[in-house]
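In this document, chain identifiers A, B, C, D and E correspond to the written order of the chains, with residue numbering beginning at 1 in each.
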């Protein structure tokens, strides 16, 4: 349903291409093989998983796949349509009464808006609607946080395990200084885990967690506009004021949409 | 009573297996012995304990065993049952009055719910009930924090003592450069405390403290639903609205439970 | 329209001159060439871009040019004019009524003030005006934050990619210890990425993000004075009290302007 | 008057014993002397004092002795007695009026409680009492913070001065590479300041500041219970509800005291 | 007018003496010259200035001199006199009316108090006085923050530029390994910038910024007492209660002043 966010795979690919370029330009083609060390990779990933297992409970860890997929998806931009919808609903409710909104429900496919309209039709007081719908937002925020937090913690534990791996490599190397020729390569292998940890954290986990946080903030923002709209519709607010209120969320000085208002100014005198 | 949280021991075991693999793959079986150094371990653990003794008071330090055991236990998932319970209580209270809830008390084995119902039956005003029960939540949060804080601080002091140990080792080594062959092994021993500190912090203390924090948040969340439920029941709120309110805590767009509502929609017209 | 902020280009130039001086004084003219390494630069910039692509969505990344240009512009200092304007509007509104303000609108070229005056003339209640205008401020703050956040994150990822580049260089170097004469130059190249990352973060991204934050705070401050002014004008507040209120934002003990008040003190007795 | 908190000296001693053990086990008895370097110690302590002199004003620095002594003292646990006291006062006030509490004042030796009771007897309104007593809490918190802050800052500056000392040592050493045999010992001396800084911060200042913060939080907690109690007594609240309120601060699910309530349940019906 | 704060110059001098001692004790008199390197100093200071130019606008940077001078001045301790003043004003206002306070104005030389009294005499409502005077506090806080922030940022950029200088030195050195005898001195010079950055940050900028923050907090504290006093005087509050309120800011359990109250207790019965 929702569009893929191509920037996430592009960003990861781009990052790895840069790493490849850095290796090729300095070490040539045979240098690449130096950077592949399954054991080093396993200790960073494995240790990281161990820390996450202790840190979270099974229900949360099961979310990881869903959370990662989510960071490859895009939120739809739909605030202007939302504002138009609520202005339409507001006008209709003022003309034909709140019950008339029941016919509109079929066209709305957002569960959150639907629920709000149903509560409004049922005559629940605005404060209770506000309370119920904000509780849903809070629950959504908490759920998203729980998923995102795993990625955030992975971004914290990855460099730590990289360092642990390097320390293990250094200790082994220092106990085996007899063969000077193996010193360099051993040290190189020891540094690989630090490299893996830094790349995992800075190219994968931290940007991904940050994108998920941005997306959650957008979702909250949209849902708050919806609550404002529902309550405006229910309380029979003047459509122009409602539009002013809702579009204030959208822009201030730098947006041209502010001027072409859907509801003309004179309507205010009907109030 | 509560189920064990197997993920904590699995995570710790998993982490240590990764460390073993890293050692075995690079250093072979004889490498393992290099990583066991009782003196190094003692300085990290001992110094850490010294710092914790200064940081906390005896009553708090005594909690440590209980706190560690707690991180091996699981919170039960019981929000759906809670919602069902409060809807049942709400219906009964509306039919037979608040005093009728006294009979239900025998079936409730959660002390917090019991206390709330007793306060409601006693006719204490909702604001006072809210105040008393929130004070209990705050006290619980504070108590959990005090226990968890020891683990958190251990996660801060462990790497610091690892570094102190390494500095001691380096100073000793640098004063004894006469025998070049002992240089490597001495440096290796010096690095061991840093390794121990990093593993203790990142595989044990920090994830454990983070899990305990997550569990406390869950406990608070459940207790807040209970308060909302008790007050809804006492104020004779319509069961359907109460259900809407309580289930808002649980889910928003992505949960199927939202649709199969226990109390049918028409009940609202009874109000 | 707005004046250029010369300090930003001066600061960047100044920083680079210092770096050049440091190189020239220690390494002479031939040292400069050592510090130019396109591959090293590409990995830091490229990796950074990769991380930013994952971290943000396309709409936000498109803002980057605008955001960078913004950091080369200056906010105009206009609080004293604003205070004078609102005192004038306030006096006029008290003499001739709110509708008379419509004539003043032509002289006002700030969209935010214009909107506020229009809302006041339309007779919208003060709380609603406050709500609508604060929502605009919040939306502006959020929009500025979204742009600035890209620069802030660039300042975080730059040193990380510098370190990744250095680790890659070190691993390659350690695998190639056969030729001792190449050891130094290879290590030097490896360190260059760390240098690039540090300079980008500390001379470009972090100060720029900080300046943008300062500018947003100034914008918010000015807009809050405007809201205070609009509401004071609409509610027919005494011009002297309004002036006291607005100029309180400006100064306290150390500003001489506090004493030469535009509206004389006796006017207060008209109230 | 207050009991000594033996854990602070035990912790410090314990930490130093661990350090001694680490030195003895690796470097033998002659190793110990290596770790004593008066000049290194002076630079860390002296530099630290210099930074603190700039950071604080004389009045605050004079508090340092008192603050350090405070970290060797224990707060008394007295919440249960407090609850019993307020229930007793509450019953007496309901029976004999607020003025009768004057006789009780002689038995109370806590200045804060005394002041509260006096204010209550004087008939000051509850909100004003609340305001005055909370201002005292805020003033106490601020005063404790000012003292603790010196220790916290010492914990920040100590490692910084350790690093400054090491840098000085390294620069001197690098300028004197002619005698290779002195290289190791010189480097060792250079590292000593880092070691001193790390030990001072992690074994002394940081845990001490953290303990002082914990103690302040306990003091605030107790004083808030006192305010709640004074206001409950003055407003003639039912002793059982007062007890419920006050003991909510103390425990929730895991404390047996919750069940053996001092005031029997039937008393509630008197209200 | 205000007294000099000798601790700031003493602290800086003390810190530099410690550094000299450290150099002299390890490197003798000829070691001192090693630590003076104008180019190294220029890159740290120059780079730092470059970053600050980008970070701030000209108006703010011009404040730097004033801000630094401010950190060499002391706030006067005047809370007890303030309390005495407001009690006197309060008694006079209750006896002779608010207008009588106009005669007192000549004796008051604090602009903030003067303004408050004038507003009170003018009959402005307490909420408006509160609003205006708090806006002045907020403006003062903001102005102080803007000045202090430059010092704080200097404390952040100084170590970063120290590291940039060291990286430049290392890169140059590594490209010039031919002459082993110059290796040490070159490395020493490279480390100097890190040393300069660390000293500037930890001995100058960070403690200075922290002292300025402490002073701002004291100013805010005093001004809040003044507001409380002005409003108490205007609303004709009983002098004893006013004294209780104001002195609550000052002390709680550990101050003897609490007992020798200026206004005797019996006065309360006048109310």
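The rule we apply is simple: contacts are C-beta pairs under 8 Å (C-beta built on N, C-alpha and C of every residue); 3 or more make two chains touch, one makes a residue touch a chain.
Quick caveat: nothing in here was measured; it's all calculated off a predicted structure.
Counting hops only between chains that touch, subunit A reaches subunit C in a minimum of 1. Because subunit C and subunit E share one sequence, their contact can be compared position by position; here under half of the interface residue numbers appear on both sides. Chain centres here are Cα means. That of subunit A falls 40 Å from that of subunit D. Note: centroid distance subunit A to subunit B, computed from Cα atoms, is 25 Å.
Taken residue by residue, subunit A touches two or more other chains at no position, since every residue touches fewer. Taken as a graph of touching chains, this assembly forms a single closed ring in which every chain touches exactly two others. Starting at subunit D and stepping first to subunit E, the touching chains follow one another round the ring as D, E, C, A, B.
Within the complex, the subunit A residues that touch subunit C are 5, 7-8, 10-19, 21-23, 25-27, 31, 34-35, 71, 74-75, 77, 181, 183-185, 187-188, 191-192, 194-195, 198-199, 201-204, 206-208, 210-211, 214, 221, 241, 244-245, 248-254, 258, 265, 268.
Per the touch definition, subunit C reaches subunit A in the complex via residues 39-40, 42-43, 46-47, 49-61, 111-112, 115, 119, 122, 124, 128, 131-133, 135-140, 142-143, 153, 157, 160-161, 163-165, 167-177, 186, 189.
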